[in-house]
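Both complexes below contain chain A, partnered by chain B and then by chain C.
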Partner chain A sequence: MTYAWADAILEVDLSRGKTERSRLGLESYQGFIGGKGINIKLFWDRVPPEVEPFSPDNLLIFTAGALNGTAAPSANRTTISYKSPLSKLFSSSSLGGFWAPELKHAGYDSVVVSGKSPRPVYLWINDDHVELRDASRLWGKDILETQRLIREELKNERVQVLCIGVAGENRNTAASIQHGIVNCAGRSGAGAVMGDKNLKAVAVYGTKDVSVARPAELIQLRDSVLERSGPQRDWWRKYHVTGGFSQAFVDWGVFGNVHRMPEGVGFENMEAAHADFAGRHLVREPACYNCPFKCHALLSVPDVGVVGVKCTGWWSFMLACKIPDIAFSLKCYDRCVKYGLDHLSTANRVAFAIDLYQNGILTKEDTDGLHLEYGNRELALVLVEKMARREGIGDVLADGVYEAARRIGRGAERYTSHIKKLEIKFHTYYNTYLAFTTAISDRADTPCAGSAQMSPVGMRWDMEPHQYIKEGWWLFPEEWERYLYLDHAVDYEGIAEVAAYGEDVKTLSDLTGICWNAAGFVPFVAIKPNTHVRLLSAATGMDIDQAEAFKLARKTRALIQAYNSRLGLRRRDDTVPEKFFQKEVVGYQKEKGLVRLDHGKFDEQLDRYYRLKGWSRDAIPTGEALDGLGLGYVRHDLEDRGIL
Partner chain B sequence: MKIKTIRIDASKCTGCRACEMICSAFHAEQKYSIANPKRARINVFKDEENDVYVPVLAGPYTDVECLGRNTVTINDKEYGECSFCRASCPTRVLFKEPDAPEIALKCDMCGDEPLPMCVKWCMAGALTYVEREEAS
Partner chain C sequence: MGKTILVNADKCTGCKMCELVCSFHHAQTFKPSASRVKVKVNSREAIFTPQVCMNCEVCPPIEVCPVSAVSTDEETGVAVIDHAKCNLCRECIAACPYNAISFEAGGNEVIVCDRCGGDPECVKICFPEALVWAEAEEPSAV
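On to the complex of A and B.
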């Protein structure tokens, strides 16, 4: 009997219109645990490196975490993997909500989609009944309408749906896959791959049991986590309502327009502006499946309606367009959500286009007659729409700033802000720790979403530091107390160690499906690594300890690195744009005397980090490290290709 | 007679369905050995776009559908005739064992537990338990 896992995958061949349930084969997959781990293993086995992102041979894999569907708290993440049309690397995006637990209850760990449908379809999974249904009347619909229409068509209010919007249909490389009102697998173009396959949505309804190996132990662990969940719940409430999130970013000195940081955006007091808005418009703080936290906010925004938002959704367009108006920012954000667009890349692309125009690189001839300028509200919405539909200038921008700069030429490259071609968020690079962890992340993304940990302290914790550690809230080993302020520190010591450890913990989340918010991202970590591993053991019967679990996390991470090494990923790519080394820092680090990021010290930490990972100086996993992780077949492959 | 009541404050509900999960796990043949919200005796009706979240506890079984139905309009949106109904009724799949639809699911207030499970583990405080004495 298998516990927690279904030990089944649903294979979907869209070219032939065929679906088939098959065994996952836990004997080979158990060491990859779930989510991202199962995805990279399937990718390694089935997708040769030369397969193009928009090829029928590219896979789009949706996998539940090992703990999804069990009583383990906050275990609800779906990890979606594919070769990214943006970075051209193996990439994963994940989302919370209700979809992955539903998939487990339908009796599958994973849905593996290959091929390309000749016409728009959606996949309907109702336990053992699986069907590809016509989606022509859904094509062109926004993501909320799509979900509503599918529920109506299937006459079932409890169906869980993942879908793309217009942007995915048009293969915009910022296209997301959305679920519910707020859950979004946003970055690196998952939605574009889905659109390329003519797959509008995946709807699931499952009625089967998910069993666990040691029920009493699991429930006892669950109870103890919930009993410790109060401080984090209060923390979220506080930061939604008071806007402390916004202020924390300002204090960090990591807040500003992507291209012209650290220019401010006009609010004297970010916290007050945020709090005022939330006070007037917050209607609810919803949560994902079986989660005691309520980390997102539902806001009733004038002229827009109910908007579900978390974290950066509040500010992306405000910063990109230099318009200090939260309502405006949320309106643009909401438009992105409905089109199924990652608002972060999209906001970055808007700012990029405006910069090009302002510097004479784009003219009215290139922009369909539009005058691109900061501070113009209508313009932002027009550009978003053009990108979603690939109209005029939107077509060029829909491929991302890296590709767009190549097509435009005339020095446009200088105005791009991306890491490994993924547009950067606007708030992280004036801080040595964040710059570093973003550079090494497996998705070139800010650490909250990539593979590494955002910050040793998450955000502000409003508790005396020693007390904080004594009460057991800190994610890292107690003997590392000296690194507690690492994200404010001006020297670089400890960055590699903390980043490597943080990455193990984060990867574990990506395998078990327990949300990173619960297991590490924010202060008052309710599920520390030790508890996390015990939850995994009790549910699956695996019986591993923290060291073994971290080793499995490193196995997944090494396999991703090896896959991407075959695609040419090297040390030179593990960096942030040069302009961030050139500009002066602001915020805490400036107060402490740091002037700017330092190439030499950054490189030293990179060497250390690679050594800790068992990778070469050029970021390739070594044969010895691969052997040690049970990845001998990967070593042979890299040797055969002359990479090792 | 002791009347057991669960008070629902829909405005506090986060829609997390932890109540459904724990209800199903608690009532499993071997306690907590499985989870399956489709076996729960509580169901959270949700319409995120319109901010409507209503936990509904499974009421009595009925062998025929009712004749007098009602609709409910909230913030200008009209909800179907069965949306907030508690009955295990032949017209729908809700509140029946999924693998044995002839068996109705009905909230039993978790038997002798001092506190119903859904109330105990609703961390948002949307459910509260109230007991009162009433002359029979």
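On to the complex of A and C.
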């Protein structure tokens, strides 16, 4: 008997309109746990590297974490993997909410979608009843309307839906897969792959139970986690309501996408503006499934309606368009959500286009007669719509800044801000540590692969570092305490070690389905690694310790790296845009001034990081390391291809 | 009247922890479909409503049950299903104004909150205090 896992995969062949159930076996689950691990395992076994993102042979895999559906707090993440049409690498996006636990209750760990449907369809999973249903009347509908119509059609308001919007239908490489009003698998074009397959949505409702190996122990662990959850709840409250976070971002100057925070535009009083806006418009702070935190805000925005937002959604378009107005930013953000677009990449693309126009690289002939300028509210909305629908200039931008620059030519690539072709987001500017973790992230875009715990000053924890450590909030080994006091704008010491450890912590989350926020990203982590592993053991009966769990995390990471090595991913790709080395754009304490990254020191940390991972200097997992992780078959494959 | 579950929907975050603990208490496994409390979610309008037996003074399910399988507990006032009598017609489910009665397919039975014998699990887990265990002052209103 398998505990926690259903040991069932739902195989969906859209080309033939067939669905069937298959099993992966306990050994695979014990080696790859769930979520991203199971996804890369399936991908390695089934998808040759030469398969194009928009090919029927590309898979779109939705997998629950091992702990989803159990009492483990905050275990609700769905990991979606595919070959990305943006980065052209194996990529994963994940989202919280309610979908993956529902999938577990329907009796599956994964849904593996292959092929391409000849007409728009959606998948309906109700326990053992599975069917592909006509989605022609849903095609062209926004993501909220789509979810409403599906629940109405199925006559079940408890159905959980993942779906794409117009952007996904049009294969925009920033297209997201959305769920509810706020949950979003946003980055690297998952929605475009789904749209290419003519799959509008996956709806699920389950009535089965999820059994665990040692329920009493799991409940006890849950209670101990919940006892520690207070400070993070307070922290989120502050984040949404008082505007402290908005101001902190301004103080750090990390507002930015194409650019660092633009000077002289009026962002100076963001704290008051944020608090005022939240005071007037905050309706509710909702939570995802089985989570004690409330990391989202539902705001009633004038002329828009209820907008669900967290983190960067507050600000992305303010910065991209240089308009210091939260209502404007949220209006653009809401438009992105409804079209099923990643607002980060989309805002970046808007700013990129304006930059090109302002520098004479684009003219009205290229822009359908539009005059592209900063400070223009209507323009942002027009560009978002054009991108979602792939109209005119929007068609060029819909492929991302990297491809757009190649298509436009005339030196446009100098104005791009991307890492491995995926547009960067704010935190990359924050300090050297987060720039580094962005560069090495397997998804090629996210500084969150590291930990915001390494950025103590700006986070406004209301707690002195020594007190923070004393109270047991510090995520990392105690002997690394000194790293907490370093200024990571200028100091490189420990970056590689902390990044590698932080990545193990985050990868473990990607396997178990416990949200990063609960287990490793924000300041007051309720589920530290040792507790995380005990939750996993109690639920699955695996009985592993932290070292063994981290080894499994590294196994998943190494397999992803090996897969992408076959696609040409090398050290040269593990970097940030060149301007980070050329200009003073990094740092979070204004009074100390900004720094530029140091090529030599950055490279030195990269060497250390690869050594810690067991990879070569060119970012390829070594044969020895692969053998040690039980990935001998991967070693043989890389050797056969002449990569090792 | 003694203590009862009071619902403050404005405080609900929609996390559904109550469903998970309720199912574990009653079915010893994690199975929200076996939960006696259910959270109705309308995220588009930001409305989350925990639905559970509100011990109404007049209980419509009692009126509609063709086999008189529904009654109210003398002490707590909550609806009680007599499974020996119940014919699974589910009229009570449709009649309850709070959607507090449901059909659990796995156990093939109609289920309703029993207040966990006076120490409700859902209340204990509810951080936002959308569910509280308190003296019932007045019969509940919608």
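Basically, the second predicted complex is superposed on the first by the 604 of 644 C-alpha atoms of A that agree within 3 Å, B and C clash if a C-alpha of one lies under 4 Å from a C-alpha of the other, contacts with A are read in each partner's own complex, and residues count from 1 in each chain.
The rule we apply is simple: a residue touches a chain if its C-beta (ideal position, glycine included) is under 8 Å from a C-beta of that chain, and two chains touch if they have at least 3 such contacts.
No experiment lies behind these values; they were computed from the predicted model shown.
By the touch criterion defined above, A:Arg410 lies against neither chain B nor chain C after alignment on the C-alpha atoms of chain A.
Residue contacts after overlaying the shared chain place A:Ala216 against chain B, while chain C stays out of touching range.
When the two structures are aligned on the shared chain, A:Lys364 is found in touch with neither chain B nor chain C.
With both structures placed on the common chain, the touch criterion links A:His599 to neither chain B nor chain C.
In the superposition on chain A, contact is made by A:Gly69 with both chain B and chain C. In the superposed model, A:Leu144 makes contact with both chain B and chain C. On chain A, the patch touched by chain B and the patch touched by chain C overlap at residues 69-71, 98, 105, 144, 148, 157-158, 180-182, 206-212, 215, 219, 226, 229, 233, 283-292, 294, 298, 300, 305-306, 308. In the complex of the two chains, the chain B residues touching chain A come out as 11, 14-18, 21-22, 25, 28, 30-39, 43, 45, 48-51, 53, 83, 98-99, 121, 123-124. Within the complex formed with chain B, the chain A residues making contact are 69-71, 98, 105, 144, 148, 157-158, 180-182, 206-212, 215-216, 218-219, 226, 229, 233, 283-292, 294, 298, 300, 305-306, 308.
Within the complex formed with chain A, the chain C residues making contact are 10, 13-17, 20-21, 23-24, 27-34, 38, 40-41, 43-46, 48, 104-106, 125, 127-128. If you check the complex, the residues on chain A that touch chain C are 69-71, 98, 105, 144, 148, 157-158, 180-182, 206-212, 215, 219, 226, 229, 233, 283-292, 294, 298, 300, 305-306, 308.
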